[in-house]
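The same chain A turns up in both complexes below, where it pairs with chain B and then with chain C.
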Partner chain A sequence: MSEAMTLGTSLPRLEAAAKAAGAARYTADMELPGMLHGAVLGSPHAHARIASYDVSAARALPGVKAVVTGADIPQRRFGLTVADESALAIGKVRYIGDPVAAVAAVDTEIAARALELIKVAYEELPAMVTPEQAMADGAPLIHEGYAGYPKIFDCISSGNIMSLARISAGDAEAAWSQCDLIVEDVYETQAQYHAYMEPVAAIAEVDAVGRMTIWSTTQSVFRTQACVSEALGLPRGKVRAISPYVGGGFGGKSEPGVQLVAAVLARACGRPVKVVLRREDDIMTMRSRHPAKIRLKTGARRDGTILARTGDVIMDGGAYADDSPAAMTIVLHFLRGPYRIPNVAFDGRVVYTNKLRAGAFRAVGNAQATFACESQLDELAARLSIDPIDLRLKNAIQQGDRWLGGHAVGSASLAECLTKVRVASDWDTRRAADQKATTTGKRRALGVSSIVYTCAYLSTSAVVRLLEDGTVSVATGAVDIGQGSDTAIAQMCAAALQLPIASVTLVRPDTDATPYNSGTNASRVTYMLGQVIAQAADQVRTQIFRHAADLFECAEEDIELLPGGRVAIKGVSERALTFAEISRRAHFQVGGPIIGQGSYVFDAGKNDPKLAIAKGTISLEHIGTYVFGAQVVDVEVDEITGKVEVLEAWSAHDVGRAVNRQAVEGQIEGAFAQGLGYALMEELVWDDGQLINPSFMDYKIPGTLDMPPKFHPIIIENPEPTHPFGVKGIGEPPVIGVAPAIANAIEQASGVRIRRLPLTGERVLRALVTRDSRAP
Partner chain B sequence: MSADIPIKLSVNGEDRNIFVTPTRTLLETLREDLDLTGTKCGCNQGVCGSCTVFCDGLPIRACLALAVTMRGREIVTIEGAHPGDMLSVVQQAFVDAGAVQCGFCIPGMIVSATALLQETQTPSDHDIREALSGNLCRCTGYAKIVAAVSLAARRLNGTVGGAT
Partner chain C sequence: MSAAFHEPTTIAEAVAILATEPDVCCLAGGQSLVAALNTRSFAAPTLVSLQRIEELRGLRRGADGSVTVGAMTTHRDVARADCFQAGQEIVPQAAAHIAHPAVRTMGTIGGSICHADPAADYPGVLAACGATVTLVNARGQRELAASDFFVDFLTTAVEPDEMVTAITFPPMPEGTRGIYEKFCRSEGDFATVSVALILGMHDGRCAFARVALGGCGPTPVRAPEAETRLIGSRLDDDDISSASNLLCSRAAPQSDVRGSAEYRLMLVPRLLVRALDRARRRP
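On to the complex of A and B.
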């Protein structure tokens, strides 16, 4: 099989048949001998000190094997950017649902009854449920010990503000005077729940020598290992993390779910313990997309040249930092958008509040920034009487341009993406016609959004082993959370060694068996793994060639790789040796087993202070490779009810090279759906610290009938020059532009600009009523 | 809890005698007592459809059905939805159309889709979307799921080949 046949082929996923048969096991499906069931008691208060515990009645309940509270666990903290969390609340609780105690029992019913018997005495503290309350003068601190917590970034903080950051370039203040038009407004985005279909679950077991094994639903076995190790004070090697099949993540399973609770329970009772959250508890206690309030100001010349932009961003981080400071850095990094704007200044504050923590969520930070930027760009276009796509094209980043701080942009294909959706949607004709063509009470129009994101991120590694029969085994720590990376990795490895896909087997992520990979985040896995698979396969090939040269008594340069796991002297394919023959020689006669390995850390280069000043941010040195896209939506607004429907959509993305077209389309379609939910219906709502819609009854995600009947994924392939297979990531970009494109279409259709997500019927109707009451 | 109520039901064509508590759901019985973990628990409120199984030939939510009400019923789960080791036409179409991503919703989807195709030979895309509107998926955006059901229908009614 040639490389061309393997790469780009729409192969079904390696595990698709097992999943369709119901045979694939997820964490909650596993059962270990002697296993107990765990349950977690959450705080009833948004902010309170824990005065005392009484667990005697719970311990006395027959069938209960362990009850643990924050007083029984190592007094240690962990966290991705700030070490501010503990396995169970220590000393105080910071949101309703904050884990206070946990129980292990012989079944889930007894565990649930035991929770009701635990008595915790609290001293309530004032709860601050909005960033404004938390930033008010004299607001009590949510984390009194914040200054002393270990952090991984250059932190500037103040009161409940966990991170103050600034990125600037040029001189925005001086540039305003050169602008003919300045637009300024505030854009607000909501808390979105990940709603992965598989609720979080973990099983922990301690073996006879005290070593902990955790099977869990996670996006990174190495983050699971690190957090359990830090929280329990165990050396890394004493914690083994494994990932069975994972039922979606979208960022919500990047950091721990219930692994820590399972771990402390397993230690307390000496038996394996499984913890599976009910959906309500998952919604209440895991994480959300960061709610953001963005004041944005953009100035341009009459001809549409944008000269300056400033932004002031407040994000609600909730009770624990998780990745919030990194999320803010991403917001600031993308507030300029994919445009040449020479003068910018962006300020951000992430604030602790007494609510559910916010964290990574498909296009973290970028989705919020882009809603503001791409909405405002249309407002600017309208005021300048320039077509929105023309305005975007006029300012689009071009080949050879640099990103804020100096990152190389790579193939800058925004203009190509915009042109594709413009042509495919018949934009020029329809924009001129649509808003006039109305049926009873309904108006219809197109809206557009540009998209830019990155896909290279941090570090990873892989080991490729040639087995005795000439097939290969690939070990990477990359968790396929459903997005299809296992198949893409196998396809890339098969292509590099010209093997059929059936000759490549992936080792499941296991910190004992697979080498380091930072996590399934940031659209990075196919890009990053491609780098290390190419290195490892190259080492395997070199060793195979060495053996073949020995056997053929020729020079290594005279050997060539043939499709199907064979090598021969160039031009003498009839005398080929198989990988199996070479591998058996290596295993049993000469040299030893053939193993290739690859390690890679993405290096974007240091921030150039002449190009941009960054303060209080996470380092962007290991984040880069820019991915461009554009989306157009055809939207109908029912002006009687305010209901917004997307009738058709076009989503064009430069993926470098599609390793598996069907999987790429699946990513575009799925991310679009999640963007549609974000745009139109999804919002976690709190009433005084109490989350009031923690169920799929009350928190609606898009179903089949919410999706546009016609959807067009458009794949553009400009091979990425920094990548051995030319690929870029596509997991997140298609989620980014949906909300602003819909908001832009609504304004085009009905003349109302809504700057607050989600764009619910109620919100749209209110805007329409206001519009009509203003009409002469 | 005492498991004190005996019930007899048929699961995937086999008679099963089990003891259940009054509050035990069919979903818990299938997953925990019978080790049929292909049926998933996504919400436990009858909203997401991940636990859809056949009961006397009709799709139901196993999380909302109490096990004690299942006396004498015939239950078919995803594990019983295919003949022998072969995937059913519907299952194979899901694989071929790329409709499977994380896979957690897929068993319920396949049961709902199979129920539709038992009623209708030539469903339109809209029919499929309506029939699956009670099954939530967060990965696929449903496009390839709708395509899979349409493919299965065409294979079943002989319009296209590739069925097993």
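On to the complex of A and C.
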């Protein structure tokens, strides 16, 4: 199969049949000899000091093999940006559900009963459940030891504020006076639950020489390895992390789930221990998208040229930092949007509160920033009487422009994406039509949003081995969490070596067997892995050519690759050698086995202080390669109930090159659905520190029937010049524009602007009632 | 896990078990009960599965036009039934609004009303139709009006040794139409508010009206005075709004994640207007 045939074709997922038949095994399906079952006791208090434990009754229960508390584990902390977490609470609990103790028993029922027998004495502390409460004068500290925690960034903090960051460029204050129009408002977004199909699960086992193996549902076996090694004080090599199939992550499995609890239990009882969270516990104790409150101000000339923007962002980080400071950096990095705005100043604070931690979530930070920016852009357009798409086009970033701080933007195709959705949705005709209420009390209109994100991040590596029979084995640490990267990686490798897909086998992520990859996040896997697959395949090909040149007694330059795993002297294809012949020669006669390897770290360059000043942020040096998109939604507002429905949607994305079209469309549809949930219905709700909707009965996510009956993924392919296969990422971008596009359509349909997510029937109806009470 | 599990094949066998076992309850489609057992929030009782009792399944139309639905009839079968006539069509309409196909294929009308979630779709419909529920124990049988059957949030008049065997929907006057309006957050969710309406018009005036609300209190809400206010009127804005007020004054909604109490009270008159409009429009 030629490269052209492999790349871009909608090959079925390699594991699709196994998953559909229920044969694919996930962590919870695994059984090990002698395995015990673990359970976790959560804190009943949002904020309290732990005075004492009494675990004697639990230990005495027949069938219980281990009971551990924060007093029994290494007194060490870990964390991606701030080392503020421990496997079990040490000294203090910081949210309702915070793991306090854990039990390993012969079955889950006994483990659950043992939990009820554990007595913990608490001294309650005042709970601060909102950032405002946590920032109030004299608020007690949630992390008294914060100053002493190791951190990976130049942290500026105070009180319960875990990080204060600022990015600015130009002189916004001076620019306001040149603006003819300034709009300013506050936009609020909510906590969203990842709702991956597979709740978190882990199995830990300690072998005879003290080496720990962890099987778990994770987005990165290397992050799992790092966290377990840091939390337990073990050298990296003493921890092995493996991922069986993973049932979704969406960012929620980037950092640990229950791996650490399984690890401390396995150490305590010397037997393998499996911990699987029930859905309710997963919702209560894992993580959410960061709730954000964004004050945004934008100023423009009468002709629509945007001159300045400022933003002040408060995000609720919850009880532990996780990746919150990084999330804030992303918010500030994207608050300018994909536009040429010369003068900007963005300030952000992430605050600890006594709630579930917030963490990475499909388009972390960007989704919040874009809701504010793209909503405000429409408000500006309305006030200027300029068509919203025209206003976006007028200010769109162009080829050759630089991002805040100087990053190269690459193929800046925002204008093309906007134009595609404009034409496909018949925007100009539809927007001109008056949105009259129908007899059934419904109004309908279109709304738009621009999208920009990045897809290159940190580092990765791959090893490609030519096996004796001429097929190849690809080892990468990239976990396919259900998004389809294994198939994409196999397709790229098959294309590079002109092999049929069946000749490529992937090694499952295993820190013992696969080389480093930072994680399945940031829409990065296909882009990053493409870089190293190309390198590794190139090395394999070079070695194959060397053997072929030797055998044909010609120069290496005269050898060419033929489809189907063969090489020949250029133009003499009838005398071809197969990969199998060459590999056998390498394995048993000359040179040794053929192995190619690739290593890559993305480098966007240092922030240029002449272009932007950044303080208190995470480094942005290793993040970049910008991805553009645009979405239009056709929305119907039921003015009787306030309920909003999306009837049709167009989602256009420049993916550089679609390695697998169907997989790209799947990502666009899936991300749109998750964006729809974020826009219309999903919200974790707390009452005084208690999460009140930790079940799918109370926390609704959209199903198939909530998706627009007509949905149009539009794939744009401008091959990415920095990539060997021309690829960009698509995992996250389509989630980003849905909420602002819907909010914009609601305003166009019904004349009400809602600046708070989700756009529930109740919020919309209240706005409509206010509108009607103001009407003459 | 369950202490014991029985699978009787007749009603007589089932009620005999209910009469003798101490901590016992019926298992119908399991769509509410099994989910509740999975939360482990209470000790598992002895279960009497009704799945094998054929006499509890199916729909039957009586000579008087009433429709009797066996307790074990699934939501799917009710939604597809064609034996409901004038006004009664609200029953299959509501059944079709319950959850998703998977739940409708397993869940039963008996299970739904015995679970007595005020956000569920059947309770309001039973109230609007003036349906009666047939209860049986080892000693005999009794009939209860819907208004007496639903006692409180998740609480019915079913005694521990009793089971529901059937629900009977009486005939409605000829020419009436039933309309079921359900507002929920997403497809397949429980109702935030539902309105069950049966309406008859004659010469431009309302000749018959029955209205019941779901999601507006611990049990379905009916307000005979609101119905009286509508009957005889031309259903002008004034008529509807004063009927709505009467209905709302009987409602006692709670705030929850589906919506605030205030929002529910905003929805009631709005959904009633919509239901009345739909009922008056030609089919």
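The working rule: the second predicted complex is superposed on the first by the 773 of 776 C-alpha atoms of A that agree within 3 Å, B and C clash if a C-alpha of one lies under 4 Å from a C-alpha of the other, contacts with A are read in each partner's own complex, and residues count from 1 in each chain.
Here is the rule we go by: a contact is a pair of C-beta atoms (placed from the backbone, for glycine too) under 8 Å apart; a residue touches a chain by one contact, two chains touch by 3 or more.
Everything numeric here is computed off the predicted structure, so don't read it as measured data.
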Query raised in the report: If you stack the two complexes on chain A, which partner ends up touching A:693: first (chain B), second (chain C), both, or neither?
Result: second
Requested in this report: May I ask you to decide whether A:685 touches chain B, chain C, both, or neither, giving the answer as first, second, both or neither?
Outcome: second
Query raised in the report: What is the contact status of A:210 with respect to chain B (first) and chain C (second): first, second, both, or neither?
Result: neither
Query raised in the report: Between chain B (first) and chain C (second), which, if any, makes contact with A:703: first, second, both or neither?
Result: both
Report task. May I ask you to decide whether A:110 touches chain B, chain C, both, or neither, giving the answer as first, second, both or neither? Result -> first
Query raised in the report: Which chain makes contact with more of the residues of chain A, chain B or else chain C?
Result: B
Query - Touched partner set for A:400, first chain B, second chain C, both or neither - result: neither
**Report entry** Intersection of the chain A residues that touch chain B with those that touch chain C
**Finding:** 109, 278, 697, 701, 703, 705
Requested in this report: Spell out the part of chain A that touches chain B in their complex, as residue ranges.
Outcome: 10, 12-13, 15-17, 19-26, 28-29, 31, 107, 109-110, 194-199, 245-248, 250, 276, 278-279, 481-484, 662-663, 665-666, 668-674, 695-697, 701, 703-705, 707, 709, 711
Report task. Quick one: which bits of chain A touch chain C in the complex? Just the residue numbers, please. Result -> 109, 112, 278, 280, 440-441, 640-641, 643, 680-681, 685, 692-693, 697-703, 705-706, 760-762, 765-766, 769
Query raised in the report: Mind pulling up the chain B residues that touch chain A in the complex?
Result: 1, 21, 23, 31, 35-45, 47-48, 50, 77-79, 81-82, 87, 91-92, 94-96, 98, 100-107, 110, 125-126, 128-130, 132-146
**Report entry** chain C residues within the chain A interface of the complex
**Finding:** 1, 35, 38-40, 100, 183, 185-190, 192, 256-260, 263, 266-267, 270-271, 273-274, 277
